[in-house]
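To keep things simple, chains are lettered A, B, C and D as they appear, and every chain counts its residues starting from 1.
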């Protein structure tokens, strides 16, 4: 499977989040504690928004994140208020740039940890449900990218939670039609550059781990000595596959069957359920 | 576009054909004379049969052939009686291993130079015509690979010329339905490890160049001093996008609208026409 | 050999300079007009200064620039007031990231087009002259990197023209001791993030091409309709291996045996000669 | 550090040794049990002798072995009586093809697991001891490659154990001169295509693990049901960083301070000690 991280808040050097923490995503690429595999070395990607372009930038490559010098360079020189990072552990699908997350469509980014069980059996059927106008934009061969294009087909740009719920419903229906008992396993993140949506769900009710950071203003009271917390706004938020360290009070599990929204003002946490479709 | 080469005959070191000739395929990767682009640097592939396995081996990579050390090593150490080699010039499709020719299915290999005009418009429609049982084997995003899987769908393993004719007919029909005047441009090669089929065709009747070598026994009489010709059987044959040198009498253009078969005994040259489907 | 480009002036998106011009560096990677080779596909690099770090950032990779998606992404999202870009055509040295220009040492960047003739013969002798404290920072195997470390050894950080002159003198002396008639061929660029130095010299007095752009304020009078010229300061300057287009009055050849300095205020052009050492 | 494997004996498909065993080298690239790191994903190499060329062939690449398709293809199609395979875990040195083992010089191959402690401090001094005629053949930046070239300098091609002993002595002397208490840690393998030498030594007398397989004729009596053992000669031998499985009686630890020779007829095991030099 994979590990990922979403950052929303005060602009920071990517390094601050990607490399500095004790159990950073880069460390997780070699030593994941909560993942299915300890190693996530089958490619990586980072996508970030900047002031210079409406669409996010992507750096993706096929080698491991831990030894990639271009990623190290970018992390030292790029600041961003909103970025996604992903490290991949392939379960057999080709290790190629077009299979690396995050995926992008216009202003939107999408990344995923999990799998559609039996995907080779239903790849054709699911891909056929993608809007024909979007079909030729599919560049890779992962289940994740098809999930993204299905969600786009079902209205992601208007109502992300509804579109994801429909996508999940379709995957479960078609999975069951192929005799797969537990078709869907997902923690996924979406953004339009303004807000971040993060979902945790699996048909089997045994979803991969997902955590969100506590409100920075609360953490500041707990840890007045931590410099980093003084330099970011109270609204700054991280969502991660596994905690970046063991700071007491810092990490909260996203409950099963739910999704969160990180946005200006109060963030939200809601129930999530696939919609039959 | 691309350049390719097919070898059939007495087992030789790959080097003899891939690097040694004055205008070898490796030289063509930098200095193609007859191609649409002089540079073919967007990946390469070589596929060869050996005594150790029923299926051919593939070495494919995303960088240019001219500086690839693993290709250079293999060429110096692998002998084969039948191999394909291909250098790619992408027209925008992702440069990734799964888009490098030759493609393989069981004992079969396929490689292509040319394009389906307007492919993004009809990618979905064409892909849907691929046998559902084969669909999930498609790993890349090229028109070439879809042409291969369409031909497999239409009976390639039973009757290659008929399957290719049906594939070509389908591409032309769907192309025209999308308002494309000249949908198909192709020189392609196929093999099952016993015989090689090579096709030259384009809707516009302006096909990319394709040549076959003269019979070795005839060449020997013309060039009794050439050592190479003494060491290969009289039936040894090359089919190439462009001649590997300017040996008088060595190269013959494959006519428009035709295909050749290289096989034990007499080789054949036939008319080719798409079959409406 | 190679092609390169140095930009100094008003911060711009890298895209403006790297991709937009008719005969951009990316175009030169496939179709160089003035280079020794038309293709420069053996790796590339871009190095840029930003507000977020004292040292420049590097993106370097081993494939061709023309099909690299990470470079395309960066160019669309990164702005900089001072950047170097380089495309490589190897003459046999390994195609690896550590052989890609620009090279970096602290705040300094260095890039080069040319060669030390007979470098394998004198690699050891030249490398021994590198300051022992710098020796272990050499990561690749090019003559260019050794030239950089020699110049650093001879005081590059205090007086770049003098250090380059000493380096050139040393290369010529050791070359001649090995019987090489014309040891040095170079156009090279240096920067500390404030100023850019560019040198054109060859022992044979037949140096590779090098051009600098005319002053923007003069160009504005010639081409009042060109939007780009309105958006950059009068001092903005480009130095390039070959012109990025054919705008009348825009490009001036750097004379043989000379070096230029691009800096705040008036730029300079001086004679260059190796210093015997 | 790294893991490696040397095979000598009856020609087999590389797959038989590289992928088939339960704890194969490919498995070790993700899940090493006895190594310093569980992951060895910073490049790999395989070198093999064939009937077609006096020198061994090399396939080396910078990504992990576990997802490399070209390695998978070769393993399925290449047979060899003598091959080396190596998976790398870099401790900071660049991840590039020229730093991947095995290294080759003429008919000779060399691979290594371990390190010279403080190598950056003494890289220059050690490299200077390499025969000037060999210096320019050094292509990478690892301590391992310098060890190989030192051994070549000290007569590797005439007397491998003596040359390795002198190399080890030199490394220890120069290390101590730099205040390094335990300069050398090595398990290394050498071959000329006829015999294989394998060394286990470390200054601290705490060497990395190294094992050799029991004689096949003895193993056949223990495990008469194992098909593989029936198909290879009684002299077939493996030397490995860690056992490929847990077959009782199959694996024997190479003692500290010793080296073995695998050759036609009786193999040998001798004491090893550095020679002051």
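By our rule, a residue touches a chain if its C-beta (ideal position, glycine included) is under 8 Å from a C-beta of that chain, and two chains touch if they have at least 3 such contacts.
Everything numeric in this text was worked out from a predicted model, so none of it was measured.
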To bring subunit C onto subunit D by a C-alpha fit, how many degrees must it turn, rounded to the nearest 5? 180
Higher number of C-beta pairs in contact (B-D or A-B) found for B-D
Measuring centre to centre with CA averages, how many angstrom lie between subunit A and subunit B? 41
Please output the residue numbers of subunit B that touch at least 2 other chains, ranges allowed. 94, 97
Would you tell me which residues of subunit D are touching subunit B in their complex? 13, 48, 50, 52-53, 55, 57-61, 69-70, 73-74, 76-79, 97
Residue positions on subunit A within touch of subunit B in the complex are 94, 96-98, 120-121, 123-124, 128, 132, 135-136, 138-141
For the complex, which residues does subunit A have touching subunit D? 30, 37-39, 41-42, 62-64, 66-67, 90, 94-95
